[in-house]
Amino acid sequence: MHALLARLYPICRSITGDGVRQTLAVVGEYLPALVVHEVPSGTPALDWTVPVEWNIRDAWVKNAAGERVIDFRAHNLHVLQYSQPKHGWVTRQELEEHLFSLPDQPDLIPYRTSYYQPNWGFCLSHRQREQLLDEHYEIGIDSTLDEAGSLTYGELVLPGATEEEVLLSCHCCHPSLANDNLSGLVVAVGLARWLAREPRRYTYRFVFGPGTIGSIVWLSRNPAAVARIRHGLVLTLLGGPGQFTYKQSRRRTAEIDQAVALVLRDAGPPHEVRPWLPYGYDERQYGSPGFNLPVGCLSRTPFGEFPEYHTSADTPDFVRPAELAGSLALVQAVCAALEHNRIYRNLSPFGEPQLGRRGLYKGVGGGQEGADWQMALLWLLNLSDGSASLLAVAAQANLPLPLLHRAAHALEAAGLLAAVAAGG
Amino acid sequence: MHALLARLYPICRSITGDGVRQTLAVVGEYLPALVVHEVPSGTPALDWTVPVEWNIRDAWVKNAAGERVIDFRAHNLHVLQYSQPKHGWVTRQELEEHLFSLPDQPDLIPYRTSYYQPNWGFCLSHRQREQLLDEHYEIGIDSTLDEAGSLTYGELVLPGATEEEVLLSCHCCHPSLANDNLSGLVVAVGLARWLAREPRRYTYRFVFGPGTIGSIVWLSRNPAAVARIRHGLVLTLLGGPGQFTYKQSRRRTAEIDQAVALVLRDAGPPHEVRPWLPYGYDERQYGSPGFNLPVGCLSRTPFGEFPEYHTSADTPDFVRPAELAGSLALVQAVCAALEHNRIYRNLSPFGEPQLGRRGLYKGVGGGQEGADWQMALLWLLNLSDGSASLLAVAAQANLPLPLLHRAAHALEAAGLLAAVAAGG
Amino acid sequence: MHALLARLYPICRSITGDGVRQTLAVVGEYLPALVVHEVPSGTPALDWTVPVEWNIRDAWVKNAAGERVIDFRAHNLHVLQYSQPKHGWVTRQELEEHLFSLPDQPDLIPYRTSYYQPNWGFCLSHRQREQLLDEHYEIGIDSTLDEAGSLTYGELVLPGATEEEVLLSCHCCHPSLANDNLSGLVVAVGLARWLAREPRRYTYRFVFGPGTIGSIVWLSRNPAAVARIRHGLVLTLLGGPGQFTYKQSRRRTAEIDQAVALVLRDAGPPHEVRPWLPYGYDERQYGSPGFNLPVGCLSRTPFGEFPEYHTSADTPDFVRPAELAGSLALVQAVCAALEHNRIYRNLSPFGEPQLGRRGLYKGVGGGQEGADWQMALLWLLNLSDGSASLLAVAAQANLPLPLLHRAAHALEAAGLLAAVAAGG
């Protein structure tokens, strides 16, 4: 995953434009079934309108000596996203009104956008800014804002045994920023490749689109798929340091909320589960009251809570392969939790069935594992009255989900449990 | 308010009699619409009967030398309330059985009553009592217990846009005690004068009556008004020191309980919310199971928890103007919380509406206020699905009520929210 | 109770056999109405089958010199329960595979069973085991496993005013172990003798049977009684040291769970209430999902949590008369809580009834008792709206159950309360 991330890092993405197309083309090498959609600028989408397409080729500020003192070619964060085309001389004072820097982090270039308000500007380190002492500067922004353009997003569907869907969503609109958002994207790619090889009860739908407007466009165009979504996750910030942080869906106790909480519990501390908040990533759109989809957001250290966030310090070096691998393992466990979740009914509910004569009592191993195995059998038999899902049993029994999955299958094989419904 | 309190302090009030009439006459100067009711002694009221009217003109104990050693004219707490008329000589031993003092607070005169059990007596400081060494004393109690009398209470109705009512109740039966109960009375007067000038969705009803029997009489005589009460507060002990203490209504999670808890939260610590208890002030009657009205009780340090309680130390000096003003501000905020509480529906519930093109995104100011404003808009849009009241939004969003009121009005003006019901 | 326990201690009980019969014969001396049932081996019972009857007369291991180095006559724990009959010479290596000892508690003999898996064996202290150095040993097990035998259990029914039942269950299958299980048995006997002399609303049913298979057999044979069970307790480990530990029924908030929690609260700390767990004693069978009976389990220090558990150190000396007496008092209080639990309706629900003229206000005594009495009256009047049981009132009012029982009866006598239903 890290190699893919490093390959995608230099591309200058935005909410529209060729950077997104190049990114999705690379993703398509890994996920051949990926479908890339183009939605024309001006298309209505819920309360919004697809914006004009922005592309940027070059941007610079030259000093009186003609030297490039700010240079898009050196770092694509140097240009304010959606900057209008511009060429000419400006006074330093005029220029200052269009510069963005971070006095508290003087070596870093900030990431700034102005998607919906016409503007132009440059981002630079505060040290660099302090050296701009000339009275006049020549500026050039070689961008286009094309009303005949389009918004681009990618979609991958992995059909399952049922039409019920799990939505995985990540944004792909940030330029050279590695943890935000490429880490989420490469974990999603890793997950999709793994799921493609696994048996699937659920149909899995991956959406790779620009933040906010991407999910709004997708929601506006897919009412039938929206109605089939049973669970969902927004994946973001999964490669940096820090503990896992799960933000609950708007429903707060949805099956996805239970599943992630238990997978995190099984993984052990430290981790954090935070309540729903109508601010953050695309879960805001999926969780708007009209849709109210059970979509949570999984990250490591959340946005705004690490100093590299939205700066030039968010590089591929900041993202570590071990963190990406750990994140992938966690979302795999979440998918397994959803796939295995069932409501069972004990078919021998009067008294305990005699496990000994069915060879179930001795357990799969000695010591604590054997004791846990026995307790998993007893809890499943005791709580499976046709109302408790495996997730509910796992929560009450305080036993690991994979152990309960194995125990449920063993009891099913012995004719003692029968699944009566999908988990709830 | 403190001037009114000081003016009312010298009057010798009881549960009936001219002291109440004089008090309500003064209150009527501030609240011209106040209606004073007289209910004849002997009138049945729920499980009770209106007691005989008690009036007291003088009361004294003279020593052998003919000196007044206990003198009602020095302090009206000196006489046991509802003392029967009495004149004659008694031995010290007989007298002792009718004296009330506080050995642990030897300088203070206690407040004692015997409304429903015929008796007579004197209250005095323990130091004073220790000086009563004569063998015989002459006593005089110039009181009347009039079966042809009446019970007096005052009532003020401020009509609102709806017939739904908010009940504010305070007792007016204590003689020269300032925090209990005059502080509640003067805060109620201040609130009524403020509400009279404000637009009102609710009709506000103020009841100024004697404790227990007053609310019982009022409840017995006003079945139609009882049915219109949506929220209520008993106001008491609002001028002494100490943090605010709110005692929940019997319903515990009624709208008034939510409103007061949030107003106290917004005001910041220290404060305390206590659960319902069938002991205290007139909320006991409003919260009896047959009525079960959502009436809580607001005070500062509760009864029995400060040393001056029910003693001669509860003087106008013990009540501070700043505390009265703070109490008034708090109950005003509670009324505002009730007035503004609505259940809204988001009229653009699919995805977030684009706030930027409606000029709502920039917020009302910079810094934290701007961020809070934006969060208020997002929370209101997200939770307004036709079931959550503003109070519920304020609780979940952890944002101040006045900010949410402004944000709700801005969204309503922008056509994004519509009120669908009164708050619940 | 301790004398009975000491008398029963030497008997070698198992899940079937003469030891159980002898035990129940002794119990029958204390409870003449006890009925002893014999259920033939091979009888189906729910998912199980009644096992063959096991009896043991002697068991020994002799060394080369012919000396008994392990001797059943010295302690009946020395033989593995349900050991098959055996006689002959074995090598030390063969013998070692059939020995059970506790290396961490080298002076104690463990208690081991093999009811459902054919086997033979000896239990001994680890020190004793370390002295077995001979190459060959002669072993003798004089036992019978009789397919024409039966399983024995005892049952006592104390009819009450209603057919609704309280089930008290304890196991009687352990050989010379005092706390487990004789303590539970003698407390049950004490309780039955006390209940027999008390007025009873409920019918009380005591079951004295072998663990697991005993309750399964009883459940399989008594569908009508099962349907009448309203509350139940498994009694065990009630004579050793340690705080009371109550394990909730599967329903977790059943009336028995409320009652025990409040009785323990009234008794004061230390004590512990633990959540339901499908492991432990016969509550596992009563709480299987098909029956889902509200049966909890009361013990002092639970099984496995004290070092003497299931060893030769669990002697009559380990069980203290004071602990037995305290346990009996506690279960008596639980029965009283169930017997008195009612849902009342306040017959004067509008306002507080005037307690003074009914002589109820002064209370039964001075000081805190008087204040608590008054609060008990007020809470009962306030909460008795036809939905709250006495247990619910006791929980919310935080007042002792016996005080509430007295107060409820006083209010009932005064015509202010009427019971509308059994507690719930």
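Lettered A, B and C in written order, each chain numbered from 1.
Here is the rule we go by: contacts are C-beta pairs under 8 Å (C-beta built on N, C-alpha and C of every residue); 3 or more make two chains touch, one makes a residue touch a chain.
Source: prediction; values computed, not measured.
Q: Chain adjacency by touch: line, ring, star, complete or other shape?
A: Chain contacts: complete, every pair touches.
Q: Looking only at residue numbers at the chain A/chain B interface, is the share used by both copies over half or under half? Answer same or different.
A: At the contact between chain A and chain B, which are copies of one sequence, the residues are largely different (under half shared).
Q: Hey, how far is the Cα centre of chain A from the one of chain B, in Å?
A: 54
Q: Specify, in ascending order, the residues of chain B that touch 2 or more different other chains.
A: Not one residue in chain B touches at least two other chains.
Q: Which residues of chain B touch chain A in the complex?
A: Against chain A, the touching part of chain B is residues 346, 348-354, 356-357, 375, 378-379, 381-385.
Q: With touch defined as at the start, can you tell me which chain B residues reach chain C in the complex?
A: 45-48, 116-117, 212, 215-216, 219-220, 250, 278-279, 284-285, 287-292
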